[in-house]
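Below you'll find the structures, each written out as structure tokens.
Shared chain: chain A. Partners: chain B in the first complex, chain C in the second.
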Partner chain A sequence: MIISHNKSISSNLLYTIVLLPVLLLLVLPVLNIVVLTFFGTNFPESIASINRDLFLLLLKSLAVSGIVALISTFIGIVLGFSLYKSDIKYRNVFRLLILIPLFISPYILAVAWKDISVLIFDYNTSIFEKTYSFFGMILVHSTIYSPLSILIIGSALSNISKQMEESALLMGSFKDMFFKILLPLIRPSIITSFVLILIFSISEFSVPAFLGFRVFTTEIFTQFSAFYNHNLAMLQSLLLIFICVILLVSERKRISDSVFLSIGTRGREVKLYSSKKIVVFSYIILSFAVVFTVFIPVSILVYQSFKTGTSKFMEAIFLLLPTIGNSVLLAVIGSIISVFIGFVAAYYSEILNKKLMNMMLLVLFAIPSTIFGIALIKFYNNSLLNFIYSSFGILIIGYVGKYSFISAKLIGNSIKQMPKSMEEAAVIQWIGFFKRIQKIVIPLVLPAIFASFIINFLFCFGDLGTSIMVYPPGTEIMPIKVFTIMANATESLTSSMALIVFLVTILLVSLLFFIFKKIIAKYNVNY
Partner chain B sequence: MSIIKLINISHWYSENRVLDNLNLEIEKNKITYILGSSGSGKTTILRLIAGLEVPDKGEIYIQNLKASVANKIIVAPGKRQLGYIFQDLALWPHLTVYENIAFGLKNMNKSEVEGEVKGILSLFGLNGSLQKFPHQLSGGQQQMVAIARALALKPKILLMDEPLASLDVKSKRKILDYIVSIKEKYNLTIVYVTHDHLEAFAIADNIVVINEGKIQESGTAVEIKNSTNDFVKYFIEW
Partner chain C sequence: MKRTSIIILLFTIMLAISCEQNSNSIVVYTTVDQVFSEPVLKEFEKKTGIKVKAVYDTEETKSTGILNRLIAEKDNPQCDVFWSGDPLRTAVLKNKNILYPYTSKAAKGIDNVFKDKDNFWTGFSARARVLIYNKKLLKDNDVPQSVFDLTDEKYKAKVAIANPLFGTTTFHLAALFSVIGDERAKSFLENLKANDLVIASSNGDVKRRVVKGEVYCGLTDTDDANEAIKEGANIGVVFLDQKGIGSLIMPNTVSLIKKAKISDNAKKLFDYLLSEDTEIALAKSCAQMPLHNGVKLPDGVLSLDNIKPMNIDYNKTAGKLESIQEYLKAWVERK
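For the complex of A and B:
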């Protein structure tokens, strides 16, 4: 089947204009390290350095990330149901609070939980330190990634027709309906949640680095930045890229079909359960989650920051104040470009069935941040491209490469919900491609565009994995500053900086929501 | 005299053949109903006429111009001088009634656009709804706006894809009367797709009954009622 209006010159032009920079600036660096690794002169030496210990380390990383993915997905099912399907009051307040850990940089929570362990246990006992690191890593990662699972699974639950559940309830018990109807219906989202969290967790660098827990990403970082063994680091990177891409590609169909991160339910009636048992259970479990993942860590950060007065907090403010402007500006630029690329990738993928750009963004998204950073260094660190490498441009490229897929997915879900007749009605009226995009498509997916801007902004603002590899000398951005200072700082100062990053993030999110709230409400239309 | 000709049209969706070597002529200034059950290929016929899809085989002529051939659109949808009322009406939810209708009007200044929109809406008694959004209108009013939007571009052909399916009998009757009157007023050729044979018998000049991508019978309402074709007899019995 060929849809006629999709073949216009303007439509091909836009796709080419966006695809080329994505290919040249983002994908080529990754292909470059593949070539450098396999065809470099040191390849035999690097291969020889891959030993049993390294494979054990890889297995350990996979095991830890697998546990994190399992725990987070289980929490996602339980809390997703409580949040999206039970008839509770203050649903939006709970939703906002539950999602907080997703929006703050992972190392903030690592700092908070380390503070808790110092208060409760003797952290300096070496055996316990190791044990704590293992559990700490699982605890912190599960806390960070559970909200993602809640979002993915909650979105899927909200997209199930009320009638499906009601007809099952007429024929059987709630338990039958839940296990035989609801869970199978959201299976693609459960698998998506598991795979994405596994990839996120195995790729994450800041938490294991902060907790001193040796995993594959920290090993790559050490080989690259401490031992300058670039060839081995690249070979190790390829191993991890291979695992992440295999995981993603094997579940590509499910992941692309999963409704994850959809904005609104477009007037679909969602079945809400109001039985006392379910509502009380939901209140308890949601309150516990808020206390455990937000209230305790934040309280401990506040306590540690101010236990010796306000001096450390003030010191942290003075240290971080010069970085806020840069961080916000770079995150805004990064998010605007990511949203633009994401929109184009989503439109062409959903409407015109051109999946190439979407696939590229998916692969870039799956590559661990530190490894993407290495790819960028290897590609841009030369006399020809040094003007990019030595400027903020390299950070923007890092952000765009890592996070454009989030926009593509979010906007893609919204485009998927838009009946194709909306655009066809304009085609019949001889409305050109760009006017159709500007006047029909963009306004109809505007809530998703703004939501993806906010989410992208938060990811760019808090990014450490890529930034720490590529930041140009003298660059003052918040996560880098915090991370570099906290290695030698007192607990109070570290906590104060973490608290400030947390507060700034929350302030910025609130500000963005406040700005976009009315627009999102106006354009969140039913078809 | 025919205004639309479909010659040896075949069309597939993936592996499924929806139209099978179909030949069809639509007479000018008549209301032609394409009648068939779900999945029979009737909407595909409208989409091919509109140029929203490209035939896999065959040729389509509109007003004696070759509009589409196999795998190629020759006359773009916007240049075929036709209006299309979609099954879901496709009223843009973020635009007011006024903006929905004015959207496609080109080469006019603001006051001309205003005059045109108001003129068309007055035909349907909808002048009071200019600044309303589609969701603020009743189902019947939304149908009227969709028709008004299509008419604003002064089409020669109006393609209607079951737009009244969700309406109650009374509203349906009212809009069918409007359709007959606008056909006369604007000298329109109307191609109307439905599975409701009673609706077709009420206002159609010609009826084409289609099943599994093939035409089973065509003729006036009386001829269809008296058809000896097994499928047609079965279909209109319901």
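For the complex of A and C:
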């Protein structure tokens, strides 16, 4: 439903104030590089290189990422149900533990799993070498992206009406209820999980590169780093962006009217299953997941860090300490701006049917990080905008461009679930636009705002792809320091640094959870 | 309102701090691993009082960051000095008209073979391509002594090299093509492929595989080998083809970036990197071989005088690379 009274000067003003910087600071650099690509001198050569083999490679990448998305989404359904619908103890501890793979760099996980696999399997055959890269990529990507699926599907499961489930259980068995009621109700979130993970997986470069598995992103990377052919790399990236946009648009069309994801249940009663079978199954499956995706890789890191004593760990602390302040501050600023833009884009898209900004954020999200970095350099590196390019401002622009869509998506889905009657009542009372946003909309979507802040923070804090292209000379941020040091550092120093990043992230996320819990509690009292 | 003000204030402070211009500073981009390059740059800061603002590159991105950044920044260069780990990347920049020629007095003691004929780059401290092998898995008699031995069936699926599209492996293969000719080099690579050669993601990955015993041996650089030995790995190091074509020697290179005004500080850093002090520091930290004659070597570091180098022209080798890159890509991608 569209609230017609909202078409006021204030509402248009806010939209314009946010849309203009998004357009000028984020979208224009990308348009600039697209124009440069199409009018570049070697465009005819580049277009001739887009051949059948390239499309086959794109299909192969889609197929592999599709498998990753299927596995991750399946894990999301099973673990999401165990975490959000079964009556188990220590649910919150499990929820935090299960998110841990999101905090570890894909590259480091790939190295850890390779070491583990070599220990377990017989590597004295070339079959291991040839098959590991394929299975390794599926394993590592599924491990990394399953937590996202658990979050998306788990949230949808939390929002199913208890009455509906209970009525279904009165009419039939648990199995019937699960397959005929629960699964169809969370179908939109299953589709979202599948599509988002497919996009994340198909855009990720470091894992296939480490495992020597040729996919579309490694091809783009080769054009960049071996041939320095920006034009062809950009054209190839446009193909990837096109696929991602098609996927996201079709997902949006398919589930545009569905309520599927929100963070927090706002007092809605959640049906928890306490039958022994379900609880035991949940414990087993969750314990297995924690051991497999968290305990084993983290143990490897701990072992490698301390096998020669504590000196390397101390050295890693000494190396990373100067980077923590900058990294946290930049990630916090980037996340605040991303959440603000995401909120505005989501609100106008869902309530006022203005979808332009949301669409722009979607396209920016789908652009490979390196390409986005090059776009920023080409646009900002001139005497007029040098004050941005040579400052931390460029990093914040990079973060906001890459990750605002995540906020728009999460907050948008929460806005979809907002009871419209409250805002309508306020409109009838002639309460102004900004007052309504401040007193009605924000409190209602506050949990989603905080959740998207945390997820954005995680992505900004760990960003490497765009940051490495634009970070100002003489500055240090944590992910870049880790990766530039680990190039020729000892195994124990590399593991120590990965472990420190992991511990700092856990600490910060826990701190953010604690702060947000307090704020939400305060809002609920006042509201 | 209060919160918004705090955010705006924080943002402004950040921008103000980062925009602070220090006239007595210099911007250097380096593809040399940070663990080795940073101490040298810090020492330069200490000695001259000139602040060095560095951009380092990463293993994961295989120097994509810096090279592409320099290319993308061409019209408004931010960088003053480019310090490369090998002459090949520098040659790419030279061909793209990004470098500025400079002849340093500090390069006096360095052989002309390690300098660009047009003075766009000057070489210093060199690494070499070596074979490392796992001492547990290979007996002394079985250790290959020539790169061409690696096609022997007894090493089937037990030899690793890094992806030849990136890093110093590119350089190594381009040098081989230059020295033995295209036909012989291609035949050698086909035989390697037929022998189930393992293509690792990087030189570091080659080192890791040899140390862990996944393969018997692999081609890598002396600094990787040195690091493995420092970590206590049970590996041996061989300078290949000492009775044949010789080992590839890869000097670091330093270049000035072409911009409206070349600062004196840039030239000071250029000169400092070519100094004997730098060569000694790099010899100590990563066993790089000094190119100046008569530099006192730390224990365990070989002198160039003791190695038979591969006889190549670095500029021509860079040119050769361009002509074989498509072939190398197809070779890597072939099953």
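Simple rule for what comes next: the second predicted complex is superposed on the first by the 442 of 527 C-alpha atoms of A that agree within 3 Å, B and C clash if a C-alpha of one lies under 4 Å from a C-alpha of the other, contacts with A are read in each partner's own complex, and residues count from 1 in each chain.
Assume a contact is a pair of C-beta atoms (placed from the backbone, for glycine too) under 8 Å apart; a residue touches a chain by one contact, two chains touch by 3 or more.
Everything quoted here is computed from the prediction, not taken from an experiment.
*Asks:* Using the touch definition from the top, say if A:16 reaches chain B (first), chain C (second), both or neither.
*Replies:* Touch status of A:16: no partner.
*Asks:* In the superposed arrangement, does A:92 touch chain B (first), chain C (second), both or neither?
*Replies:* Neither: A:92 stays clear of chain B and chain C.
*Asks:* Go through the superposed model and pick first if A:333 touches only chain B, second if only chain C, both, or neither.
*Replies:* second
*Asks:* Examine A:419 and indicate which partner it touches, taking first as chain B and second as chain C; both and neither are also allowed.
*Replies:* first
*Asks:* Looking at A:484, would you say it contacts chain B, chain C, both, or neither? Reply first, second, both or neither.
*Replies:* Second partner only, chain C.
*Asks:* On chain A, which partner's contacts cover more residues, chain B's or chain C's?
*Replies:* Partner with more touched residues of chain A: C.
*Asks:* If we overlay the two complexes on their shared chain A, which of chain B and chain C does A:383 touch? Say first, second, both or neither.
*Replies:* In the superposition, A:383 touches chain C alone.
*Asks:* Touching A:222 in the superposition: chain B (first), chain C (second), both, neither?
*Replies:* second
*Asks:* Touching A:41 in the superposition: chain B (first), chain C (second), both, neither?
*Replies:* A:41 sits against neither chain B nor chain C.
*Asks:* Identify the overlap between the chain B-contacting and the chain C-contacting residues of chain A.
*Replies:* none
*Asks:* Spell out the residues on chain A that touch chain C in their complex, using ranges where they run on.
*Replies:* 107, 115, 118, 123, 125-126, 129, 206, 209-212, 214, 221-222, 224-228, 230, 329-330, 333, 336, 370, 374, 377-378, 381-383, 386-387, 389-393, 396, 464, 468-475, 480-481, 483-492
*Asks:* Help me check something: in the complex, which residues belonging to chain C touch chain A?
*Replies:* 7, 10-11, 14-15, 17-19, 25, 27-29, 33-36, 51-65, 67-69, 71-73, 75-76, 78-79, 92, 96, 156-157, 163, 165-166, 170, 196, 198-201, 204-205, 208, 212, 214, 223-224, 227, 230-231, 286, 325, 329, 333
*Asks:* If you look only at chain B, which of its residues touch chain A in the complex?
*Replies:* 11-14, 50-54, 68, 71, 73, 76-79, 82-84, 86-88, 90, 92-94, 103-104, 106, 135, 149-150, 153
*Asks:* What residues on chain A touch chain B, complex-wise?
*Replies:* 1-5, 7, 419, 421-422, 424-431, 439-440, 443-444, 522-523, 525-527
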